[in-house]
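Following are the structures in question.
Common to both upcoming complexes is subunit A, partnered first by subunit B, then by subunit C.
And then the complex of A and B:
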């Protein structure tokens, strides 16, 4: 598969959210790559809201090595992609499959790595909406901010 | 995503290396199809290194093996468990490493998927969070078999991904 660069930002200052809008509908899947940290000393999660939907419309299942093997199912107000820890070094990869389709819910697979906190996770999620994904808002689930220097890159995967 | 180079061993060797990695992209993807000459009962190790460095690595693994083992694992090297001579014939392990911002001046986080392929009872697979706590740009990388050799036919492909510009709203 070939990654076609769609958008990218490196934060020059702390920011509460990063939004990719008017996403090109000409691909099969989307890949979002995030690196960086957040302003909260506690462990926070990178959360993706599709088309601005902040409802509890994202059922998910995860497996994690966070000190002990963990598995969980939950529903959130966005796709949880892993941590944005304050000590830096976190990276998250999220793939949203068939994002431009209008006859299916949107599924996503995410991998999360945060070695300063010795954590790794794999998360499968679903947005219970058949609308094509036209925007993605990246935020920290606790309301903290992304730290300057954090990067967000969006790629399209051709069919 | 563009191919930088593919290397396939024509004969057994202890290491496969890539040098003079172009610094004109954003992320690296390393795809590995590998097997070693080692003969033991479980799996064989291979180690990924950057710029020839053997220090400042750490990982957190979530693994399982079909022999009933499972759990977290913390290590100080980028070690993957792969297929070897005592596994099913003609079977190579599949691994992928994604390294964002490889040419930047921050510590290098990476994401690894690791699968040992065999029909045996202890096939290993893992997701791995890795960190090379070094701010140097990655200009070379190597995959080393610490026990035995990588067999002929082992292949590594190195790809680069270049980010776009703009297109995001920050608030």
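And then the complex of A and C:
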């Protein structure tokens, strides 16, 4: 099987984070898909921390259409997979490539789309660590919570 | 914490998306070619290349050529974010199409950058071929589209850096997608 559903989570209650742990190392890439909203009534970053690393080890570049074109570079305490807001309608897809390799930093490509805020973004990020990814923690960067009903799906792409 | 294991895929055929071939450069290499792709014409509708690579020269582009066609048959459009501004443009018709970006010699050690490239309706003989790509270098993220003005069914897909070589360890995987 080349495209395998590893886990699907639908929140039954608000949650401050969602963690996928003990990730099988038998695939080449991972794809994480999130839909839903957050408790904070503002635009929050959906952040992925790999192997629990909360250090400033994730340099990134984004390109966005936020009513006008925007591009920025930044370093964060997690890969920015996309964004989430309280009014819902956000969809974020992150592709973490060569996640089990131990001779490369981990890089990710993410796409974000959201209504009703009418934004779309593409983000490229890097975790400056050659360790294989064994866990992914999804969280909202402002400390807000994911709202009940939010979904998280993790897929493995064959090696 | 949610323990994770391999669960049965829900509602998805195992054969709808399949790995065809993976190439990992054992040493620096000037190009890679997925060949004999006609063998899959009755199985897949679309093809996807996923890569994590870098070049031996400074940050550069990655290009595709189909069926060995080196005639001026490729048009490229792009939308690029370089960390300070967004730009867009187009070029062609050229003897190859740019499908993405590559990290280059100025990138940090162990920094190989990714790309996902989709070739839609690869085997149609009534349509020109279209490609879309999302990729990154060490300083930019880019969306690209390529038009190959040719209705031939796909037989090969060559991938090259704009200049220099792919660094050893660069990885390219080809997947078939049913439709």
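By definition in this document, the second predicted complex is superposed on the first by the 157 of 159 C-alpha atoms of A that agree within 3 Å, B and C clash if a C-alpha of one lies under 4 Å from a C-alpha of the other, contacts with A are read in each partner's own complex, and residues count from 1 in each chain.
Please note the rule applied: a contact is a pair of C-beta atoms (placed from the backbone, for glycine too) under 8 Å apart; a residue touches a chain by one contact, two chains touch by 3 or more.
Given the structure is predicted, the values throughout are model-derived calculations rather than measurements.
Trainee: Determine, for the superposed arrangement built on subunit A, whether subunit B and subunit C clash or fit.
Mentor: Superposition check on subunit A flags a clash between subunit B and subunit C.
Trainee: Look at A:95 in the shared chain and tell me whether it touches subunit B only, subunit C only, both, or neither; answer first, second, both or neither.
Mentor: second
Trainee: Of the two partner chains, subunit B (first) and subunit C (second), which one does A:126 touch, if any: first, second, both, or neither?
Mentor: Touch partner of A:126: subunit C, not subunit B.
Trainee: Of the partners subunit B and subunit C, which touch A:7 in the superposed model: first, second, both, neither?
Mentor: both
Trainee: Mind working out whether A:104 is in touch with subunit B, subunit C, both or neither, as first, second, both or neither?
Mentor: The answer is second: A:104 touches subunit C but not subunit B.
Trainee: Determine, under the contact definition given at the top, whether A:40 touches first (subunit B), second (subunit C), both, or neither.
Mentor: neither
Trainee: May I ask you to decide whether A:72 touches subunit B, subunit C, both, or neither, giving the answer as first, second, both or neither?
Mentor: Once the two structures are laid over each other on A, A:72 reaches subunit C alone.
Trainee: Can A:142 be said to touch subunit B (first), subunit C (second), both, or neither?
Mentor: neither
Trainee: Could you look at A:16 and tell me whether it touches subunit B, subunit C, both or neither (first, second, both, neither)?
Mentor: Only subunit B is touched by A:16; subunit C is not.
Trainee: So, A:51: does it touch subunit B (first), subunit C (second), both, or neither?
Mentor: The answer is neither, since A:51 touches no partner chain.
Trainee: Overlap of the subunit B and subunit C footprints on subunit A, residue-wise?
Mentor: Residues 1-3, 5-9, 18-21, 63-64, 69, 111, 122, 154 of subunit A touch both subunit B and subunit C.
Trainee: Can you list the subunit A residues touching subunit C in their complex?
Mentor: 1-9, 18-24, 28-29, 61-64, 69-73, 95, 97-98, 101, 103-105, 107-109, 111, 122-124, 126, 128, 130, 154, 156-159
Trainee: Contact residues on subunit A for subunit B in the complex?
Mentor: 1-3, 5-9, 11, 15-21, 33, 35, 63-69, 88-91, 93, 111-116, 118-122, 149, 151-155
Trainee: Tell me, which parts of subunit B touch subunit A in their complex?
Mentor: 1-2, 26-27, 58-62, 70-74, 98, 100-101, 106-107, 109-111, 113, 127-131, 161-171
Trainee: Which residues of subunit C touch subunit A once you look at their complex with the stated criterion?
Mentor: 1-10, 12, 14, 16-19, 22, 50, 52, 79-86, 108, 110-116, 134-136, 139-143, 169, 171, 173, 175
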